[in-house]
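So that we are looking at the same thing, I have put the structure below in structure tokens.
Chain IDs A, B, C, D and E follow the sequence of writing; residue 1 opens each chain.
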Amino acid sequence: MTAFQIILMGLLIICAVSVSFSKNLLNSVLIYMSFSLVMSLLWICLESPDLAITEAAVGAGITSVLFFVTLKKIHAINVAEKEEEQKATQRNLPENGGKDE
Amino acid sequence: MGPNLWINYGEAVAAILFCIGFTNLLLQTNLIKKIIGLNIMDSAIYLFLAEKGYIAGRTAPIVTDGVTNVEAYINPIPSGLVLTGIVVSVSVSALMLSLTIRLYIRYHSLDLDEIAAQLKKEGR
Amino acid sequence: MYPILLPILFPILAGLCLLVYRKDLERKLLTGITGSCLVITGALVISVLALAKKSLILFYLTETLPIYFQIDEISVIFSVLTVVVFVCAGFFAFAYMKHEQKEKRYYGFYLIAFGVLNGLCFAGNLITFYLFFELLTLSSFPLVLHTGTREAIMAGLKYLFYSLCGAYASLYGIYFLYRHCDTLTFTAGGILQASPASPDGRFLLLVAFLMILGFGVKAGMFPMHAWLPTAHPAAPAPASAALSAVIVKAGVLALIRVIYYIFGADFLRGSWVQTAWLTLALVTVFMGSMLAYREPVLKKRLAYSTVSQLSYILFGLAVMDQDAFMGGLLHVLAHGFIKGTLFLIAGAIIFTTGKTRVDELHGIGKEMPLTMWCYTIVSLGLIGIPPTGGFVSKWYLAIGGLAGDIGIFRYIGPAVLLISALLTAGYLLPLTIRGFFPGADYDYNALQKREPARLMTIPILFMTILSVLIGLFPNIITDYLTKFVSSLL
Amino acid sequence: MSKRKPAEEYHKTFAFHFFSWLRGEKDPYLGNVEMKPQKEYEPDPELHLRHEKEHDAILDKVYDMKHNRALGLFHRLYQATSILFCLFLMALLLVTISHLPATGAAVKPVNNEVAARYIESGLEETGAVNIVAGMILDYRAFDTLGESHVLFVATITVLIMLRLDKNKKGEPNPLTKDMNPNDRIYEPKNDAILQMVASFLVPIIIIFGIYIILNGHLGPGGGFSGGAVIGAGLILYLNAFGFGKTERFFTEKTYKWICFFSLSFYCLAKSYSFYTGANHLHSIIPKGTPGAILSSGLILPLNIAVGLVVACTMYAFYAMFRKGGF
Amino acid sequence: MDFVCNFPFFSILISLFSGTICSILPEKAAKAVNRIVIAAVGVMSGILLLYLLGTGESFVYWMGHFPAPWGNEIRAGVLEAGMALFFCIIMYLSMAGGAHKLFDEVEESKHNLYYILINLLLSSLLALVYTNDMFTAYVFVEINTISACGLIMIRQVGRTIEAAVRYMIMSLLGSGLFLFGLCIMYDLTGHLLMSNIKESVALLIQNGEYQIPLIVSVTLMCIGLCIKSALFPFHAWLPDAYGYSTVSSAAILSSLVSKGYIFLLIKIIYRVIGFDIFNSTRIIDVLFVFGLMGMIFGSLSAIKENDIRRMIAYSSVAQIGYIYMGFGMGTQAGMVASVFHILSHAATKSLLFIAAIGLTEVSGGSRKFIDLTGAGYRNKWAGVAFTAGSLSMVGVPLFSGFISKLLFAQAAVQVEGKMLATLIVLGISTVLNAIYFMKTVIRIYATTGDTSYPCITFKDMKVHAIVLIFFILLNIILGVNSQPIVNMIEQGLAMFA
């Protein structure tokens, strides 16, 4: 069991680090989702099934869904070209942002 | 350095995760990533707590076959605390995400510094 | 029930009512109300001094700190001065403020400042004193910035800043004292038990110096005198009369209370604090006279003169000798009356001619002979020519300085006083000379008598007469004070 | 006096400053404190406008991240200190952890009489087979009461942020007018595969959620996780069939009343048990036989209440995020 | 057990429950419920305070059927009851004083949500005050944070949303650190209940075990709470949050929310770690230094500020610095001074916020000093109240600010090492206070103001004026009648031990 736990923990750290360095928001959210799943597995190993169920339902389920909806709302889920476009407009924002309001 | 670092590797991982989350929360310019960092930080604390309750060789605290012996089960308290904590963290993330949406709609940006600059420009 | 509170609360409440009342009053009614309030307050003060019980504990602020009032000889002197100057300057203001805006606000704060000053005179312990000291600053600074011009507001802010800094410096003194004394009640001869040589005592000397500097701000002592020449010209003339004659004396009163009633003269005598204080006082005396001598604007010149003359009093206090102390107290009265008169005269001149600089005032003596005669008489008094009030006080100061146990200052002190008196003649008399002898090129045809209104001349005359009376019959006051001064020192 | 300096030079000397202070010309406020508001004492609209424009220009310059070196430097400094701080924190925590009692050991401060009593007499005192459920809903019920209100208050804040309301005249609020009311209209509707899968999966998910809730005191799970599962099922249903379908049985009103009744029940039930407990009164709620579905006193109804709240809240979150209302 | 002992429990439950009830009520009813609840809790706390002063002993109250280490507990002593009473008074007055502005600033349909937030905030404050259990404290800290965030952002302009995000980020950092510290503490002692933790900590100290984790845990909890209560280096979120939210929110946030955390910290110091053990650590020195820096830098930022609300907000930073400086002295007297300053600052700061709104109302809604010129004449009551508040802040005798400064100075002269620094900084900060508050007072009473704005008389703003009068009275009561209150604080702190 210990080896399995260590592997899971390594995965956790990898997930956490790659969330920080991933460029794409959608990727980060997906990685975070897998982080939650790994966490719930780890909790099964630690003999806490209550936590595992809750984390699976909440962390990997509801929270991620909310993240997705947010990304949708802020137009971050897009195909690659649109993303480039998005970035270009974002860069221009400081100039015209004030006037728009 | 104390004697138990290698035995407490679970907690050590929790501490590292906590710091990664903390750094994300402090340094990421993107609000979404800040929120993910926050969630990672919270999860790390819960992992820490769960490790505290774990006792090698014992089972989950659900009474099986009427055995109510301390020797049989792990410590139930941390699990209870973590359950409460998870609810808190999901509430907080929902709140933060809704704030993010409003902020984006208003300023078309997810970077707090950029938003602050826009604010200064607007309101004298 | 508490008669001692009446002269404090009555003007404050009356002033507040004036301020709070929403509509603008008719001018006659306003001056009538203010005038009667002033007179009533004056009567109340006199009757309290004569009749009422001499002390009162109002309530306890903390366990050992009551709000406490008591009346002693010092209170009597200062409150008599306050009453005379405030009533006179108040009546003067009825004529002077005719064309100013927001008269009601002026009178409101004027009355409040009157009440607060009475409270200051009657305060029986350091905390009560500090309370009224702060209130005095706050209630008098609207008077300074009354005209609302930019200069006035800057001057008011400067006054506030200096006064608050000084008050906080002294507040720290109070904090430290509070640790060493069970009570902060004013007791003749001081309440400190520690000897100046002990470590505590050495620390307390520092505290004493801090408090002297702090309260010295209000009395215009050297390092922090700069607010005076800014605030006086900016304020309306009756306000500067009150300011210069009474309100700056609050600093003197504070120093008397702190040095003679808290620390005790014996504690400080011969210490470095006394030396430093003497030095500062003498520097201020000389510097104030020099600056006044160079100053062309009349009101500013008078303000520098105030700086200089106040330090005469401080010198008298710092010598810690019976005669010098007596001289200081006499000078409080004499300078109060004289400087009040001088500022009122300056106000009358500005009011009728609109001129502020001394060199513009050729022939003013021909135009306003009565006013200028008063000016001449009180100027002579301030210079110290007998038989006016200034002579007696300076005489006592000089005697005390020579007799005092103050080392080298025994010679320096009187010398500086003498030089400064000459300078005083130098900066006050030119106006008289120019006023009465305008020179050959003066156009006598354009001359017109324009003596100011009676509301202005009567207060001026009254105060001039008082200042002369002090000089003629000083022994009424000295007899009253001798016993008490000997008990104090 | 023999050599006179030119005025400008003289103004820089110490002597000038000293004498001007001596004469009281130096002003403590001047140029430091009071001047700014004083300057605009009598507001001149043109001047005012020009000041504002200058101010804008300055701000543009100051906040121009690309060209402003000082700001960039500050930024880098901030990042460096943050990273250092985090590394320091990590080191500190690791050192701390190395001194903590060993994981997995049976004898350490955590495993004291408190845990022992929960395990040994939890079954008879609370009637719950799942000791964790017994603990959070009976022994430490106050925490859990607080926890459910955390969720409640979070919903309230999300409502404040995202609910699109119209004012009395029926106009949308100007503050939220930029918000896109329903973003589902841009998506393909009536996706056959999704609907097929959903009609098959949603009942199973919901039944599973109900099972978790009802079984909370007997096995792993409980109101919160079960509620979250049901909420997920509802969200799936919504995605497959659209708001039109869900609004038939679930509107804001429904949500409000379900939430209100569940939370009130929760509050009142727990108040009763707190009150009787504190005043040492006998509670009339039967414990039942451990292991049966209808057992363990208040835990089952409380789980149901929490489950309802959580399910509705999760759905409400989603609906709010999606279209700003139900 | 007397019936009165149920009151802490009742007050927490009533306010929690009223939050739920308000969710289905229309706005007017919600407002009524809110007022009634605050008043009822206030009355109960008052009765409880009298009862406790009578018995002179604190008591614990089981939350459930199980005693101390097994079940939850709340605890009431003189200080707790007094704090609860005071919080209720301030909250009621702030709500009443800002009520008329609420309608301009918040969407109509969301008014009842505002009252829910207030009710829940009250219950969380009460729980923080009464709790005897660390984890309960954590849960209610979260409720407090989220509802405070709601109070900030309910006025939905860009500024407040941005401020709310900043506030949340800082608060969540704080909560995370606090929870981590709590977990370490739990691991070391095995308890979550304050009194049991204290016993175990004393035992650990005696045996010399787990010294490093203990210190780290205490430090983490302290830093967490400091961040949440906006101690100096962590105050970046504060000016926007206080400066742009609705006026009631600003008053409540500055005078109650941060004070709730500070009170929790006091409880932790006394009831969890032990006063003497806490004072033997270096943490107090750090708190002391940060407190001093906060006092100066907060005032300096306030001087530079050109907006009246933000100026008052920055002054809060300075005042919180005072409180932490009192902690940092490490003496009983310093602690008493800090607790008194909590009261005095709460009374003064909410007065200033409520008065400031009265002034801006008659200046065309602008908060810039230029437009406020002469506002004191247009709205007399607000002008007078602002002046009174300023005088209290500056430390004029007869107002509460003077007494707290006196207490701080008195406490400082007992601590040899920190005396000079304290007194110097206290002096500088007081002078700075005087500068910016007096500047404002002069500004609002300057004669050359824009006369085109309307004047407001007593009739137009009865409630507002009455609230202001009550606030001034509260200030004067604290300033004049301080001795009984100080005695009460001392008694309450003694009960903590």
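Please note the rule applied: a contact is a pair of C-beta atoms (placed from the backbone, for glycine too) under 8 Å apart; a residue touches a chain by one contact, two chains touch by 3 or more.
Keep in mind the model is a prediction, meaning the values are calculated, not measured.
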Steps needed, at minimum, to go from subunit A to subunit D via contacts: 1
Co-neighbours of subunit D and subunit C - touch as defined: E
Remotest chain, subunit A as reference, centres from CA atoms: C
Of all other chains, the one whose Cα centre sits farthest from subunit B: C
Chain closest to the middle, measuring from C-alpha centroids that were averaged per chain: E
Pair with more cross-chain C-beta pairs in contact, given A-B and D-E: D-E
Centre-of-Cα separation between subunit E and subunit C, whole angstrom: 44
Whole-Å separation of chain centres (CA-atom averages), subunit A against subunit E: 37
Interchain centroid distance [CA atoms averaged], subunit B/subunit D, Å: 13
Separation of mean Cα positions, subunit E and subunit B [Å, integer]: 28
Shared interface positions of subunit B, touching two or more other chains: 2, 9-10, 16, 18, 21-23, 26, 51-54, 58, 60, 62, 77-79, 81, 83-84, 86-88, 90-92, 94-95, 97, 99-102, 105-107, 117, 121-122, 124
In subunit D, residues with contacts to at least two other chains: 29, 34, 41, 63, 93, 95-96, 99-101, 110-111, 114-115, 118, 130, 132, 140, 143, 147, 150, 153-154, 157, 161, 219-220, 222, 224, 317, 321
Subunit E, residues touching no fewer than two other chains: 135, 139, 142, 146, 149, 153, 156, 158, 161, 180, 186-187, 212, 435, 439, 448
Subunit C partner contacts - residues on subunit E that touch it in the complex: 380, 391, 394, 396-398, 403, 406, 409-410, 412-414, 423, 427, 430-431, 434-435, 438-439, 442, 445-448, 457, 480, 482-483, 486
Contact set on subunit B toward subunit E in their complex: 2, 18, 21-22, 25-26, 31, 34, 38, 41-42, 45, 48-49, 52, 77, 81, 84-85, 88, 91-92, 95-96, 99-100, 102-103, 106-107, 112, 115-116, 119, 122-124
Footprint of subunit E on subunit D - complex, ascending: 29, 33-34, 36-37, 40-43, 92-93, 95-96, 99-101, 108-115, 117-118, 125, 138-143, 145-147, 149-150, 152-154, 156-157, 159-161, 163, 165-168, 173, 175-176, 256-257, 259-260, 263-264, 267-268, 271, 273-280, 283
Subunit E residues touching subunit D - in the complex, by the definition given at the top: 1, 5-6, 9, 13, 16-17, 19-21, 23-24, 61-66, 69-72, 74, 107-110, 113, 116-117, 120, 123-124, 127, 133, 135-136, 139-140, 142-143, 146-147, 149-150, 153-154, 156-157, 161, 180, 184, 186-191, 200, 210, 212-213, 216-217, 303, 306, 369-370, 373, 435, 439, 443, 448, 450
Touch list for subunit B against partner subunit A, complex: 9-10, 13, 16-17, 20-21, 23-24, 28, 30, 32-33, 35-37, 39-40, 43, 46-47, 50-51, 53-54, 58-60, 62, 74, 78-79, 82-83, 86-87, 90, 93-94, 97, 100-101, 104-110, 114, 117-118, 121-122
